[in-house]
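The data blocks that follow each hold one structure.
You will see two complexes here that share chain A, one where it goes with chain B and one where it goes with chain C.
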Partner chain A sequence: MHDFTLRIAGESGEGVITIGETVARIAAREGLHLVTFRTFPAEIKGGPCMMQLRLSDEQISYHGEKVDCLVALNQYALEENLPDLKNNGTLLCEAECDLPESDLAPTIHKVPFERIAVREIGSRISKNIVVLGVLSHLLGIPRKSVEDFLAEKFAKKSKAILEHNLRALENGIGFAEAHIEKRSGFGFPAGDKERRLLMTGNEAIALGAAAAGLKCFFGYPITPASEIMEWLAVHLPKLGGKVLQTEDEISAISAVAGASWAGEKAMTATSGPGVSLMSEALGLLSIAEIPAVIVDSQRGGPSTGMPTKTEQSDLLLAVYGSHGDAPRIVIAPTSVADCITMTGLAFYLAEKYQMPVIVLVDQALSARVETVNPGLVKNIPLAAARLSSGGERDGAFARYRLADNPVSPAAIPGTEGCEHMVTGMEHDEFGNFACDEETHTVMTVKRFRKLAAIEDDPALEDSCLYIGQGPADVGVVTWGSSSGPVEEAIREARRLGISARAIAPKILNPLPHGKLKKFFAEVKCVVVPELNFVGQLAALLRSTYRIPTIGLTKIKGVPLEPAEIVEKIIEAANGLHARSEQRNGTAG
Partner chain B sequence: MEQQDRFCDYLSGVNPVWCPGCGYYGILGALVEAFADLNLPTKELALISGIGCSSRLPYFVKAYGFHGIHGRALPIAQGVKTARPDLTVVAVGGDGDGLAIGGGHFPHVARNNVDLTYIMFNNAIYGMTKGQFSPTTTLFSSTKTSPFGLPGDALNPSALAIIYGASFVARGFSVKKEHLKDLITQGIRHPGFAFIEILTSCSAFNTTDMNVARILHALDYVPAGHDAEDPIAALRLAGDDSKIHLGVLRRKPRPTLEESFQNIREKATHGKPATIETLARQFA
Partner chain C sequence: MFRVLFNREIGTTPYSFLLPEPVREIADYGAIPTTGLTSGHQGCTGCGMVVGTNQVLRALKLMGKHVVASIGTGCNEVITTQNTSCWGDVSVDHNNFPNTGATLSGNIAVLNALGRAGAVSPEAFTNVGIAGDGGTYDIGLQALLAWIARGENGVYICLNNQAYMNTGVQGSGATPYGTATSTTPFGKEIRGNQRTPQFLPDLALAAGVSYVATATPLYHRDLMLKVQKAAAIEGPSVVEIFSVCPEGWKSETDVFHEITQLALASRAWILYEAERERGTNTVLFTLNHVPKKIAPVSDYLELQERFAGMRRFPEMVARVQNLLDARWSFWKPVLEANGIDGEESIGHA
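Here is the complex of A and B:
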């Protein structure tokens, strides 16, 4: 595998993201695989920001640790990011920056980006395009590809604006050709020319939902999930769908309940604070047996917490949140590609099992840009229409019929002769309120039997991401966006001679028991890396399977790094070794 | 199917759980008679409610019914109508459901002008939980949770609805069934958000605010010359302290949410609908 990691760091508003996105788009067109990571300042304007891109000639799911090339647009960006530059890496920094003391010996190029932009182009805001020009030379990005991209980007603007930008590009390239020597073997890996789609996790969720037949979206703006509603607001009407911003999250999920009950596929997307507000309605969806898809893009919590930072701390809220025994499905995509297919799967499962499905992603996955295969949107499993047949009993419609199949007939309004009640109260087969002990017992069991039926669903055959196969000393169980760094860590641990493998269940409620039990039988200890303080997945695994776990938790608002995971894997392997020495005695 | 035109065609056969003497029986009667007068097919009727005595109503009516959670009847109903503009959607609930816990939804569903009828049973008390004050209980009233007198003043549902921009606002009285039936009929026929406040007594609690004799004494009908298009005139009647005005206070049709959605669709597509493949292509 050949890969290359680029980081651009500067002030928010300086065009850092534009540079990163342009490089990324061109790389995807060249047929490279890539993953990006970016930080957002909490404020609207200003504040430090960075974007990192890792390009590879093979499928990857982590944005890289140390960077091959760092672009620092100001002193702060330089000092903050220099420690992450590889020893043999290349630094491009604004000419006025002072290099801090460092043990590193990177190749350093000071470039007067701003001066070129102001003097040659006459506008400071062209600085990012000058940077792009320098990068194009240094990394070997075909000049024509950059020009074509800019032409497309500014197609709707005036010709003068495009020419202005092309001139900035030209000046950047010119400066680089005169002052920067290209290093052989440094820069873009070769792509396979397979044009890939490039999108964020949030865009993938929106696209996956649209592909699954979403017709009604209701939502309330919240970081880091708002982009899902924003994308759908533009595009869903083109497919005949409707998007409505409601007055709060409670209204959003209630409207989802109404729309879904009325027969259309409905969804909302929010973050932890929104799910907290929605928990009562989650219980309603569960007891009334109404399909619904709820996306939770997790951020640092509790309360307002750290709105722009990533965390995986809503797992237990997703699995248990709401009063009473309220079964629901929880799924967790591990990549941007997963965001398309698993959001599609969420609709399928919601319809098939008539219950709410929570799609758990996090800020890092929502915001990261990744290449995906264009064919994915066509491979969404489509749920069969709700069936009213078999509901007729004694001249009324038994919406909650008790039978071998815990999924009951469902009639949408308008169906002749199937008028009935759905309700958040405990109810009999006809939906009439009934608060006796017998009814509450059989109906609760019925609702949980649906959950039990899910494990054998063929649609969940690929419900786990496997990294490595067969028996291993150290088994890593992780979830969601942490799977990317875990994959890198397993690769590194094996390079170091440690027997390690990993599994990431993409469905977290119900857990894929068969697959996890088999995994536990094949490994000697279990390490659980995740982004929360108490170890929520570890707690779930311990209580479900009564196995000991070694937690690796992080709450810094950023993803796990492979090195941290490798360290834990080594520690776990050494622990095994020490135990086996105690058991068997050591020679000498 | 034979035409459904008798009020009993709209009763589910489930017996109401309300107390003897409850004003809600009269409202249920007026409602099913209005349905019968309108010849609404029961299969195309969606009745949505929140929580409270009045929110039990959908169980007693033959229709597609949704008994949701406290305060959320309007958002649920908005979802139903968004998904299925072909249905006749009626939301019912109490003054607590709609003005206390659900008070944040009322202005928004009103301003969206969702084409549904919202019927608020205003009995100025929490009956189901047995006698605590509600958003419409009057100042200084003594209730179980205001034993030494209520510190807050009563809200005026119809006046609020006018200010929130409801395109149809009417006030009825459970005792005046024929009049009420007529208001409900007009509300359902109104294209847009129709709000109907119904004054009604609780036979178990609060015998002062919604005392039938007191209301009969104070009531007056909306005068024949009232201009319902004039919001100030509507507000003057709704907020009149000296009299309780029954009738249509406000009527000013404007584009409904569904019409807005159609508009949005046209603007978004420019006349050429997309497919999922064309949408995916923007990421290439």
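Here is the complex of A and C:
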């Protein structure tokens, strides 16, 4: 595998993201695989921001730890990001920056980006295009690709604006050609020229939902999930769907309940604070057995917390949140590609098992841009239409009929002879309120039997991401976006001679018991890396399987890094070693 | 029952028929302290909300009471919580998005209880709730209306910038018809926001507010007198402030003055106040600004790119014009009775 990691750091509003997105688009066109990571300032305008891109000639799922090339547009960006530059990396920084003391010996190029922009182009805001010019020379990005991209980007603007930007590009390239020597073997890996799509996790979720037949989206703006509603607001009406912004999250999920009962596929997307508000309605969807898809793009919590930072701290909320025994399905995509197929799967599961399905992602996955192979929507299983047959009993429609199959007949309102009531009160087969001990028991069992039926569903055959196979000393269990850095860590641990493998269940309620039990039988200890304080997945695993776990938790608002996972794997392996020596000692 | 008046000068007066004594004229305080919202906030260049909050806090502090603020999540919270020192000597309680009204009640209940116990003098405090339009028209509406219904003493300030600006400009319940936001994009199928906002003063009056007013930081005397009256009048009061937002309105950062003047001249923003006399349940409306010459709303739409899509469709602009005309017709009888036909009117431009 040949890969290259680039980071651009500066002030929000300086065009950092534009540079990153341009490089990303061009790389994707060259047929490279790509994963990006970007930080968002907490400020509305301004504040430090950075975008990192990792390009590779093979499929990757992590944005890279140390960077090959760092572009720092101001002193703060330089000081904050320099420690992440590889020892043999290249630094491009604004000419006026003072280099901080460092043990690193990178190749350094000080470039007067701002002066070129102001003097040669006459506008400070062209600075980012000058940067792009210098990068194009340094990384060997074909000049024509950049020019074509800019032409497309500014197609709707005046010709003068395009010429202005082309001149900035020209000046950047000119400066670089005169002052910067190219390093051989440094820059873009060669791509396979295959066409790939470039999208964020949020766009992938919206696309997956649309492909699965979403007809009604109800939502309320919340970082980092708003982009899903924004994408759908543009595209869903074209597909005959409806997007409605409600006054709050309680209203959004209640509208989903109404629309879904009325017979259309409905969804809402929010973040942790929204799920907290939706908790009561989650219980309603569960007891009333109404299909619904709820996306939770997790952010730093609790309360308003850290809206622009990532965290995986809503797992227990997703699995248990709501009063009473309220079964629901929780799934967790591990990549942007997963966001398409698993959001689609969520609709399938919701319809088939008539219950709420929560899609758990996090800010890092929602916001990251990644290359995705085209055609993934074809893998989405489509749910069969709701069937009212078999619901007739004693001249009425038994919406909650008790039978071997815990999934009852479901009629769309208005179906003649199938008039019925769905309700959040405990009810008998016909929806009549009943609070006797018998009814509450059999109905609760019925609702939980649906969860038990899910494990054998063929649609969930690929419900786990496996990294490595067979017996191993150290087994890592992780979930969601943390599986990217875990994959890198397993590769590194093996390179160091440690026997390690990993599994990331993509369905977290119900857990894939068969697959996890087999995994636990094949490994000697279990490490659980995740982005929360108490170790929520570890807690779930311990209580479900009564196994000891070694937790690795992080609450810094940023993704796990492979190095910290490797360290934990080594620690776990050494622990095994020590214990086996101890055993051998006592035996001898 | 209601009565309608208008002022010949721009802005309100220190008088209220709910107050035995007028509040003090702002100029009579002498130098106005610079300790409103002080330096350290992170508002964007050209933000109208910062100026508005500054004037609100100054007005309340001039009254000599300790200000206890309950603030809801929103732009104002985001820009004032990284350096909390910008609040000066105001005590601030940041609660969740939906809860500004409820938190206000909690604050007031404790101060009243401490007052009854003799621990503090409730008269020494002013309780103010500050929220944005999202936290008022949408998610916070239930808490606000319930707070008003409880009839407590306090001031609720809505800083209305007409969308969710701190999260990337999503439409809100206060977003004007035809506006392009990220959740109400201007496209072929749907041309921007299709809803017409409710009017907060109407909602507040229906819920039983004692005093409600609209204001703009461009006329600081008007705004500050209204806030002082709101604080002095017994019962719940609401002041809604027009908050220019260059980031979300896609306008230049230095046209705060021009945009506000055009909003007033076109009547896209009407400066008025309403007081309720509880005994007779009479509401007295006072119009605080009559444009010298009424400007067509197309002038107001001009400086803001959020309206760029709508400007291409005369039927949409006409619809907005009709809405504004209909709203203005409420004031017509009193203006005509005073010999002002509403087109060519009085006072300053």
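By our rule, the second predicted complex is superposed on the first by the 585 of 588 C-alpha atoms of A that agree within 3 Å, B and C clash if a C-alpha of one lies under 4 Å from a C-alpha of the other, contacts with A are read in each partner's own complex, and residues count from 1 in each chain.
What we mean here is this: a residue touches a chain if its C-beta (ideal position, glycine included) is under 8 Å from a C-beta of that chain, and two chains touch if they have at least 3 such contacts.
What you see is a predicted model, and the numbers here were worked out from it, not measured in a lab.
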Query raised in the report: Which partner, chain B or chain C, is in contact with more residues of chain A?
Result: B
Requested in this report: Please indicate which partner A:230 is in contact with in the superposed arrangement: first for chain B, second for chain C, both, or neither.
Outcome: second
Query raised in the report: Looking at the overlay, does A:413 come into contact with chain B only (first), chain C only (second), both, or neither?
Result: first
Query raised in the report: Is A:304 contacted by the first partner chain B, the second partner chain C, both or neither?
Result: second
Requested in this report: Tell me which partner A:29 touches in the superposition: chain B (first), chain C (second), both or neither.
Outcome: first
Report task. Check the residue A:273 against both partner chains and state whether it touches chain B (first), chain C (second), both, or neither. Result -> second
Requested in this report: Using the superposition on chain A described above, determine whether A:220 touches chain B (first), chain C (second), both, or neither.
Outcome: second
Query - Set of chain A residues, in rising order, touched by both chain B and chain C - result: 234, 237-238, 247-248
Query raised in the report: Which residues of chain A touch chain C in their complex?
Result: 42-46, 219-223, 226, 229-230, 233-234, 237-238, 243, 245, 247-249, 273, 277, 303-304, 307
Query raised in the report: Which part of chain C faces chain A closely enough to touch in the complex?
Result: 42-45, 73, 75, 77-79, 82, 94, 96-98, 134, 137-139, 141, 164-168, 170-171, 173, 182-185, 187, 189-190, 247
**Report entry** Complex contacts: residues of chain A adjacent to chain B
**Finding:** 28-29, 195-199, 203, 207, 210-211, 215-216, 218, 234-235, 237-240, 242, 244, 246-248, 250-252, 254-264, 266, 280-281, 284, 288, 372, 374, 377-378, 413-425, 431-433
Query raised in the report: Inside the complex, what are the residues of chain B that reach chain A?
Result: 1, 12, 14, 42-46, 48, 56, 58-59, 62-69, 72, 75-84, 86-87, 104-105, 107-108, 112, 257, 261, 264-265, 267-269, 273-277, 279-280, 283-284
